[in-house]
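Look for chain A in each of the two complexes below; its partner is chain B in the first and chain C in the second.
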Partner chain A sequence: MTTLLRRLAGHLARGLVMIWVVTTFTFFLVQAMPGDPVSAQYELLLQQGMSPDQAEAQTAVTYGFVPTGSVWSQYTHYLWQLLHLDLGVSVKAQGVKVSDQVLSAMPWTVVLVFSGILISFLVGVTLGVVAALRRSSATGHALSLSGSLLHGVPPFAIGLILISLLASASGMQIFPSGGSVDAEYVPGFNGWYISNVAWHAILPALAYALSTYGGWLLAMKSSVVSVLGDDFLLAAELRGLSPFTRFRYLARNAILPLFTVLALSFGLMFGGSVFIERIFNYQGLGVLLFNSIGARDYSLMNGAFLLITIAVILANILADLLYTVIDPRVRRA
Partner chain B sequence: MTIAPASTVDTPAAAPAVTALPTSRRRFWRGVWQALRRRPSRLFGALVVVAFVVLAVIGPWLYPARLPHDPDAIYAPMSLKHPLSTDFEGVDVLALVVTGTRSVLLCAFVAGLVTVVLGTAVGLFSGYRRGFADSTLMRVTDFILTIPGFPLLLVLTTVYSFGNPVQMGLVLGVIGWGALARAVRAQTLSLRERGFIEAARGLGLPTRHIVLRELLPNVAPYVAMNLLLAVTGFVYAQVGLFFLGVLPLNTNNWGVMLNFAVYQGGALLTPAALPYLLAPLGAILLLTLGIVLVVDALDEIFNPRLRES
Partner chain C sequence: MKRSLLAVTAALVVVAGGLSGCGEKPKAANGGTYTSIDANHAINVSAPINPYNGASNAFQGYNAMKLAWPMNDLVDLNKFYPGIAKSWDVNGDATEVTIHLQPKAKWSDGTPVTAEDIKTSAAVAYTQGGGVFALTPGTAGALGDVQVKGDKDITFTQAKGNKNNTFLNSVLQTWVLPKSVYGPQLPDNFWDLVKTATNADPAQAEAGKAARDQITALGKKLVAFGPQKDVSAGPFVLDSVNPGEALLKKNPNFYDADKIAPQQVKLRNYADNQAIWNYLINGELDSAPYTSTPTDVVNRILSVKGNQKITGLSQVSAALAFNESYAPFDKVQVRQAIAYIVDRAQVQKIGEPDSGKVATHTTGLIEDAANKWLGAEQVGKLNAYNVDKGKAEQLLTQAGLTKKDGKWFLADGTPFTFKIQVPAPFSDWVAGAKNIASQLTDFGIPVEAQTSADFATYQSEMAAGKYAAGLWLVGLGPSTYNAYARMYGSANGWAPAAGSVTRNAPKPKGNWINSPDTADVAGLGSVNPGELTYQLSQLPVDQQKDTIAKLAQFTNDQLPMIQMWNYVNVQFVNSTRYSKFPPNDCDCLRLPHGVWMQLGYLQKK
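Now for the complex of A and B:
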């Protein structure tokens, strides 16, 4: 237990350092922006007849830092605001807090990403075992090839193929062509709303699942192949243990390396969320980031990018903790 | 007993590295040919990759600099004249795909070059040196690997409009070398404990010689395989950026085609426009398939243990 806590503390410390680096990066990015959007807004407010103090306060609310003063004082002010979870206010939609916007978009992305990973994990791992056990047969080759191919195909290509074939006027119109939920349903914990949300989530979740399926399959296959050569399985066979027991031994040992794949696929999926959500017009973090860039809404852009990074870091920590819980060797070491 | 197995295991690995005799080179190419022939699909993959490279080189010369518009043939059905139909201006889709190959592959090539140089250098250095430099470099590598690459690229487009293939290749390469560095480091860590490296160190050979002449040739296969896989990632990132439309759309690129098809051409609304959307997608899938099959062949050439399994 103590090792677990110590690992967790180490991860959290490293995660905090990463978050600090990312916020510093976005701060200086906005500083380096052509035309300096912060002073531009400050000047604009002055022209609109605000007093310098008011304009300064307004700009500080928007970006989380004051436009005047040295870069260092702006930077410390910005970090101080962030410590209070204050991401500023959206530039375009004045008065709307960035933290509210990103936090309301967050669940949509997270639910979609997690359900996609769950589906691809179950299917990919099962088929990975099959591909390993039948690796000399045509089935095995076909499975491995499907895995490598889907592993290499970009998520947006999968999304576009799905939407053009299954949810558009050009192909078959089976699924809704976009959005997270139909407008006529009142948000709430009732069956109609939830089933409508689920109905809209099928294709995007499938796109996520297909784009990570290959990673699971290939990792599981190579892991099973390497475990198959181990002596303990031969010993189990010689002891006359049932095939089911031997399979349990095999699966337990083979599934361990997959947790590194888990961490990687979280990064891939949160990165790919920009595409999937844009293609399916889904109101998550990725689309928020994309829209903020299109609208040059820098405070929103910073907030969305920061939250995506935090999500990936947390997912990585989660994957590593799971690994620690499952693999006794790590715990004892 | 302790010496004999080590020397027998290590000689074959070190032999091609130290003495690049013509015979060993010929044996290598015979191995390549056998691996390709063992499964016809690999031969197909190699042909696809070669065909795309040839198209990238000569493609833009096959057509006039400004592709002919034909207002009478907007979204024309597939025919001999327009094998993949036409776009919203009546430009031949096949011509667009062919002429777009150069910028896609040029960008992937530049990104690959940057990745190989940075990733191999970092991996070899930290794997061979270990210690403080290693842990620092690996922290940096982990950092680069963890930051979600695509959102980072999107954010970067706001300050730097890297629409040109070479510029974009540089950007993609600079943020994409993490995985290769990790793979090379892991390989170097296991190689440096092997007998032939210890022998080289015992002989007092300079570090430069050990790293460049002994280690590098042995990690080269891993570099090649990781590089090919990275190239699919670069194609994805590049085409994706153009597809989202966050970069100037004035170049000819598969991603630009996808953007126009979905957001201006209405490919999701009219079945006639579907070829315009599916053609660049098909090109991406075909290129990916070719690369995957070549990696499969390389895997077998360099890891003979996989051969009978």
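Now for the complex of A and C:
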């Protein structure tokens, strides 16, 4: 137990340092981006018919929220705010807390990407084992081919195909073509609301699953094939162990390399899936991040990047700790 | 594989269906649900219900009202449809306007909209600045006084000595806010602060600055403020909002509620134009805002049952703009030669085939506005720069360029080549720029169209003078000052300051066009276009014609930019659920669709 705690403390300390490094890097990266929110908003207001001086005044109010002074003073101000768990306020949605915006978009992305990852992982890994065991049969070839094909098709293309097949007037209009839930449904833990959320999430989740399943399938197939030749499987067979037990041995060892990738995928899911969210007009973190970049909303960009960084680092720590549980060799080392 | 996917999909459906045993299914609204998109901003769940906020859950024309709605008339920027203001009287020299409110106007909480609400609205507008609500002493056209004359009457007076022809326009475009909500946010001495802040007396400079700082700080606080529950004077009240859409229900207290057909309005969020097109292709929108739409998408949209397009005037034009600090664009002959080389009809056909009309004359205004101001005959006398490659060769030679082996060289022997910069997300600009580049390359001037990652990058790099040429929006109407300020305003270094206009040095102030202060034009002599443009902000509408004529002739001769196409306002509507949409060329087309309803358009089928 003490070893585990010491290990956890070490991971957390390293994680905090990594968060600081990445936060610093992204802060300066965001600052170095050409363009600024003031001129972006000014032009937008002009195009909406506002006179130049009105647009200038309106943007001046906005500009008041962007920390002024040297980049260094902005950086220290930002870090000081972070230490107080304050992500600041959005530049575009003046005065609205970044944390509120990020937290309101997060559940939608989690619903979408989590279910997408889960579906693609379960289907991909299972079919990967089948493809490896029957690698010389037509089934094996067909599975590998499907994995390679879908792995190569961009997610937005899969999204567009699904929309035209299952959500457009010219195809089968079974699912909604966009949005995350109909506004008529009262939010809460009630059946109509949850089913409406699920209804909207099916196509984007399916698009995400289809676009990532090939990767899992191919990785699992390759991992199973490499484990198949190991001595311990031959020994198990010679000891007369049942095929199910041998399959358990095989799967447990073959899935190890995929485990870390899976954990990181869960961390990365907080970045959303920009292409899929945009195609399905699904207002999650991906769209939020994309829009914040377009509007040069520095504080929102920094907040979104920070969330992704923390999620990936935590997922990494979790994967590392769980790895010791599922692979005793690591524990002994 | 296919079966697995179907099984997964089916499982999700079953889970969803299973959960549907509890809760209540929303009932369809009697007057129907009108589904559209608010083009002013995307929906943001966390944003306040405050029209001044950049994200805002106050939707113009639906639950956010102005005193009146601009008609976007080609000539008169002071033509408005009534809003909360039923009518208004303007005094002889247009320095005072008395607003008469709609007698039946009420807030959604049942209380009447009064002149006190409008005074509070003016106070909040002061905290946000701009237009007549400028705090800087001596600002042209600034408001001098606001006087409540009765329950439903209020007078706005322009500050003495600083006339500006946008005074009425600016007053009528004030957002109407409830005093019951915003009043408590203002300090009791607010109007004294305004008086101190706008005092031009040098002896009071320090106190003035302190007052301005206090009001600016208040503005930052107020822009983030919004009531928990919507209090609307518009035809709808915000009911709920989620990341994908906002639901607004009909306001029974709206003064013209009988005209409003839909029982509720659903405004969908959108990530980009593609999202809007997808909704249109699925017939899910009753109307959509203007987007620059490629022909194949237009055809797909129009093939859907009930979908149709309404076209009208768009007061904006796309132009090829030059940075004159890059040789040889400092020579007018080179700019004119390029105008003779490029076939603008071809550019428009490639760049903006459905939502554009070729720009026949470069005047700084859109073609229709130029015709209306100057008359088609006078505009016809300007140079149309019809394709004439011989003339172009002659002009380039005059400018000191030489032609060798089919390619053009500058006087110092270096090849004449340049890039046309455009933002990558603007597909119409990209296509147009590529066509211009290809035409110039064929002529012997190797040109490439180069893209910037996004508009913010494009804008800042252009302002920093990094591009020799790029595409730029000009002719922004209806204010002629706004239109000409695109060429002879801040982007070219001219800035109005304390009753006159000054010329800023290049880079620090974003002066990227770099035209000379003056230029000689046959028949006009030496012209300072920045001065003339500034005059347009001062002159009454009926006295602007001569100045516009000079600026149009100057622009047509000097060509700081070459207008390629004038935009056409193309909007898609679906007549399956609602009828009586505004007709083509309606001057209401640029207004939010909630205003269409206020004007009596849209009836449930």
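To be clear about the criterion, the second predicted complex is superposed on the first by the 263 of 333 C-alpha atoms of A that agree within 3 Å, B and C clash if a C-alpha of one lies under 4 Å from a C-alpha of the other, contacts with A are read in each partner's own complex, and residues count from 1 in each chain.
Here is the rule we use: contacts are C-beta pairs under 8 Å (C-beta built on N, C-alpha and C of every residue); 3 or more make two chains touch, one makes a residue touch a chain.
None of the values given here were measured: they were computed from a predicted structure.
Contacts of A:Ile163 after superposition on the shared chain: both chain B and chain C are touched. Once the two complexes are laid over each other on the shared chain, residue contacts for A:Leu289 go to chain B alone; chain C is not touched. When both complexes are overlaid on chain A, the residue A:Ala32 reaches chain B alone and has no touch with chain C.
In the superposition on chain A, contact of A:Leu149 is made with chain B only, not with chain C.
Looking at the shared chain after the overlay, A:Ala105 reaches chain C, while chain B stays out of its contact range.
In the superposed pair of complexes, A:Phe305 makes contact with chain B only, with no contact to chain C. Counted by residues of chain A touched, the larger count belongs to C, out of chain B and chain C. By the touch criterion stated above, A:Asn281 is placed in contact with chain C alone, chain B being left untouched. In the overlay built on the shared chain, the residue A:Met18 is in contact with chain B alone; chain C does not reach it.
In the superposed model, A:Ala207 lies in contact with neither chain B nor chain C.
Residues 33-34, 163, 168-170, 177, 278-279, 290, 293-294, 296 of chain A lie at the contact with chain B in one complex and at the contact with chain C in the other. Residues 18, 21-22, 26, 29, 32-34, 135-136, 141, 145, 148-149, 151-154, 156-157, 160-161, 163-164, 168-171, 177, 225, 267, 270-272, 274-275, 278-279, 286, 289-290, 293-294, 296, 298, 301, 304-305, 308-309, 312-313, 316 of chain A are the ones touching chain B in the complex. Within the complex formed with chain A, the chain C residues making contact are 1, 4-5, 8-9, 12-13, 15-26, 40, 42-48, 52-56, 70, 72, 128-131, 133-134, 166, 170, 216, 219-221, 223-225, 239-247, 266, 268-272, 274-275, 278-279, 281-284, 304-305, 316, 454-461, 463, 473, 476, 479, 481-482, 485, 489-490, 496, 590. Chain A makes touch with chain C in their complex at residues 33-37, 39-41, 43, 46-58, 60-62, 64-65, 89-90, 92-97, 100-101, 104-105, 108, 115, 119, 123, 127, 143, 146, 163, 167-170, 173, 177-188, 190-195, 198-200, 202, 205-206, 209-210, 277-279, 281-284, 287, 290-291, 293-296. Residue ranges on chain B touching chain A, taken from their complex, read 39, 41, 143, 145-152, 154-159, 229, 232, 235-236, 239-240, 243-244, 246, 258, 262, 267-271, 273-274, 277-278, 281, 284-285, 288-289, 291-292, 295-296, 309.
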